[in-house]
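Next come the structures, one after another.
First chain A sits with chain B, and in the next complex the same chain sits with chain C.
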Partner chain A sequence: MPSKDALAKSVFLCCAIASAAIILAILGFMVALGIPLFRESTFSAIWFGPWAPHRGAYGIWAMICGTFWIALLATIICLPLSLGMSFVIASLGGRRIRKLLGALVQFMTGIPTVIYGFVGIFLLVPLIRQGLGGPGMSVLTASIMLAILISPTMILFFTDSLLAVNTAYVQAAKALGANRVQRLLYVMVPRALGGMASGFILALGRALGDTLIALMLAGNAIRAPQGFLEPARTLTAHIALVKAADFDSMEFRSIFACGITLYLFTVLATIAVRMMARERVAVS
Partner chain B sequence: MMRVFAERMVEYLSWAMAFLLCLSLSVFLSYLLIKGLPSLGTELVFGKADPLSVLMGRERVFDGIFPAIIGTLCLVVLSTVIALPLGICSGIYLSEYATPVMKKAVGGLFDVLAGIPSIVVGLYGFSVAIFLHHHFSGRLGPCLLISALSLGVLVLPYIVRSTQTSLEELPAHIRHTATALGATRLQNIAYVLIPNALSGISSGVILAIGRCAEDTAVILLTGVVATAGVPSSLLAQYEALPFYIYYISSQYTNPAELSNGYGACLVLLGICSALFMVAHGMKKRLFHWALYRL
Partner chain C sequence: MLTYGFRIGMLLVISLLVSNPCLGGALDVFDGQKGTVKIAGGTAHIPVMKEAAKRIMTRNKDIVITVAGGGSGVGIKQVGEGLVDIGNSGRQAKPEEVEKYGLKMFKWAVDGVGVVVNPANPIKSLTKDQLKRIYAGEIDNWSTIGGTDHAITIYTRDEASGTRAVFWGKALDKGEIVTSALFVPSNGAMKTAVANDPYAIGYVSVGHMDETVAPVALDGVTPTLETVKSGQYPIARGLYSNTKGDPTGLTKLFIDYLLTPEGQQIAAENGFIPVK
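What follows is the complex of A and B.
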């Protein structure tokens, strides 16, 4: 009879294997259900072809473009905001301001996405429509809201890696007469770059994977956007919108191609973050 | 000279950016409060029905968010019950038993899972529902149970990671004392390591609960509907608070419904931020409780 210890160990092992298996099962299910689509047309037709269901073409290129337009614009808007905020929290602000802003950023991580979308529809969309023209629901609208959504991720990573810099270096710079900005720019930032880069990639990943904001604010037109004020549809929104279609249609199968694409993006981002972490360990 | 100017600019711009972010956040929150506060009240939750008889189960609510709140509550409880044991056991295995190679491989998989967009997890739940529908019973389909399972998968990495890291961060003197006194590995885990790591684990769990309460993309694909009433069974369709907000935003027909939407936003925001504060407060409190309980 196995001892209690050995039994516990195998229970823990089974749990770990089961949960790891789920992650692979997610990919497996999507591939299995997407097979009819891949059988009908080639990989390049699915990824790079046009979306024209009446002609039997189910390319998701327009959605891939929409996803990247929105996510990249959001990170571009978010980057200066997060840099400024994390500089203030990590170094420039006084003690009370740093604490207050830190708590604020923590609070922001808890705001539900759907609320950003809701406020976006009734506050930001009319503003954009009146101020900049166009239909209001556009790449820019979704990106602005998305930038606020992903900013806590970026700020927390930036701040953490800035503060993780060895205080001996910071103190040494202080002793040499460097002021706060100089210590920040020439001592802390260069040593924190690796961690800050992973924060950037994780925030980009969140922006690529967000559904609700793009679904509610980007207008969902199936066409690669030509400008920031045009509507676009993301891969995630496409999945949410097409799920109501007939189960056996190719249109429905196309959402699995979207799912697989998003899964692959995630894997790439994870590998990138891991490689950066390894480099950081090697450097220090 | 150039350098001094650049340093100055960095300082000013940083403050400006921080101010801009705070400004947009306060515009966002005050807009929500101004629009939402007037609609808060029993009318919002119970509609025209009598609150007491609704709570006793004698009356149904047709124009309030009561069914949505109950649906969200069911989702949160079910998915936590599903994800908690699995996640904590996996976390214990990764931290206490796994070899370095295993740790790296499985840990990498959990990193991927943590990064997978929630709609893809929803798509997985949806595919499972279709699979069950085709192969087992035509009565099965997207429902409360499928949603709870998918949400459980979504929050699994949070629980695994928080368990693993809070166990790994325990200092050596806590880790080795009991084993030196003759405790078995299991006894050490159950009586020493877990109680000491409890604060970290539970704040991870609470963050996971918050994620279950707010996520919309997963339930969108796995069985939430606009009107279902209070869910009658695990295999029934249901309403949920985040979906209600999404639905109102595109389908509202009159100003009263819209103002209910703002009210629902405030309720959801209240729930999520309360959970969040509990998670933060708990980190310290539980630590004391776990240490001095024995």
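What follows is the complex of A and C.
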């Protein structure tokens, strides 16, 4: 028996090492392939300069801004929706509503991204253009669609971590006379915060990493947006648009700068939220 | 449902009856062949590629031809890397691309790139100078050139687009394109965008134009098949299918087919100008 355990242990350890190695290898690969660009140009010109390939400028600042605007606005729109939805599903709703909404959210995870993009183009873009002005393809348009796209991730994580709270705590609060809302807000939410933070990161990660919605709905202009109704290009959409350029060209190399930037954002977001969650757990 | 199925059935029968006698000759060479041809690249080429592929695959069920887009840059890159058999481009491959990959180019049609606006837009004619100033962002309201008082939404294509390369070189004389211009990834997406935005201006392959978008005359010449053919409308380019080295087998048969009278007919039906 111990030998079997040891075998299983080493197999799983290998899997874990392999997946960690792949993630590091991807970073190494991007840096290696991006080296010609970093040699040709300075770091600040790449990160903060303008994008004008025919003038030899390959800056991705506008795309960094675009990514931030769209991803943050999407999570800001998504967070209250998901909180409300998960509160209803995990505790406040009646049995039927909880079942119905749970099924709905699970169904939403299965809808392909392109469907959201398509609906956005024919429904949301004209609506924004007529209702709020601007060209219609804008930060706001992409963020609204993106918020809907990432909401199942947030809702499922929120719900699962709320439901995973030890029932003994909930029962104890009930015995002390706490009503449903009090039990939710003062017992379940503080206990579930770590899991909810993971859900939030995952959703933010999806928003940062999604390509199609921004590509179809944000307009892809190569200028940092000045307002919610202006078009913007995300790093991912930029990669999708530029990947067709000549393999050896600097345009193509700039893709790797975008990749590294996205990678760092995701790492930073993960670290930040993890630290936040740890502090909260320590306090409570 | 029955009538629908019936109608499709009738269409199939009719199309077989109508097309078979005249195709007989050109498609004969595909008899007894087997295998796949992978095609990618220029988005202007797609309708012709799909029609040719459909006719060949209808004739011989053992042949599978896949057609993907991506843009001219993708076409050249993918065929050069050996990912596809035929890489389409709406521009000549650059000398360094030809040298690096050993590309062979086959030009099978000529295509114009026309400026388009939404059909609801009253402006149907521009001078080249006005067009350049619109794309440079100097004219940013339709009222400046006699249209409705609303900001102009400029649509353009990404750097890998052959359509963009021709438009930028021959219509804008390599002038600036304002950074607030919106980017769309294909000829089809351009048409959708302009068709849905009453204040849009964009450009598409003449072969892609239909009633959902309105062509704009440039210096008095409307982009149509005739004006591109006669050379009156100057913004035109060749449509190329490229292979890595000399084409062989099915790939060669496919390219030869594009250059037969029947293949050229397909190109003409899709709004391109045959080269033969």
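Just so it is clear, the second predicted complex is superposed on the first by the 238 of 284 C-alpha atoms of A that agree within 3 Å, B and C clash if a C-alpha of one lies under 4 Å from a C-alpha of the other, contacts with A are read in each partner's own complex, and residues count from 1 in each chain.
As a working rule, contacts are C-beta pairs under 8 Å (C-beta built on N, C-alpha and C of every residue); 3 or more make two chains touch, one makes a residue touch a chain.
These numbers come from a predicted model, not from an experiment.
Visitor: So, A:111: does it touch chain B (first), chain C (second), both, or neither?
Guide: Only chain B; A:111 stays clear of chain C.
Visitor: Between chain B (first) and chain C (second), which does A:211 come into contact with in this model arrangement: first, second, both, or neither?
Guide: First partner only.
Visitor: Counting only touches as set out at the top, which of chain B and chain C does A:121 meet: first, second, both, neither?
Guide: both
Visitor: Counting only touches as set out at the top, which of chain B and chain C does A:54 meet: first, second, both, neither?
Guide: Only chain C; A:54 stays clear of chain B.
Visitor: Regarding the shared-chain residue A:233, is it in contact with chain B (first), chain C (second), both, or neither?
Guide: second
Visitor: So, does A:8 touch the first partner chain B, the second partner chain C, both, or neither?
Guide: first
Visitor: Going by the touch definition up top, name the partner, chain B or chain C, that contacts more of chain A.
Guide: B
Visitor: Using the superposition on A, tell me which residues of chain A are in contact with chain B and, in the other complex, with chain C.
Guide: On chain A, the residues that contact chain B in one structure and chain C in the other are 121-122, 240, 243, 247.
Visitor: Give the list of chain A residues in touch with chain B in this complex.
Guide: 4-5, 8-9, 11-13, 15-16, 18-20, 22-26, 29-30, 32-33, 80-81, 83-85, 87-89, 92-93, 101, 104, 106-119, 121-123, 148, 151, 179-182, 184-185, 202, 205, 208-212, 216, 236, 239-240, 243, 247, 255-256, 259, 262-263, 266-267, 269-270, 273-274
Visitor: Which bits of chain A are touching chain C when the two form their complex?
Guide: Counting only chain A, the residues touching chain C are 50, 53-54, 62, 121-122, 125-126, 129, 135-137, 215, 219-223, 230-231, 233, 240-247, 251.
Visitor: Which residues, counting only chain C, touch chain A once they are in their complex?
Guide: So the residues of chain C touching chain A come out as 70-74, 76-77, 81, 94, 97, 151, 153, 158-161, 174, 179-185, 192-193, 196-197, 199.
Visitor: Which positions of chain B touch chain A when the two form their complex?
Guide: It is residues 7-8, 10-11, 13-18, 20-22, 24-25, 27-28, 31-32, 35, 85-87, 89-90, 92-94, 96-98, 106, 108-113, 115-124, 126-128, 130-131, 153, 156, 160, 184-186, 189, 210, 213-217, 220-221, 242, 245-246, 248-250, 261-262, 265, 268-269, 272-273, 275-276, 280 of chain B that touch chain A.
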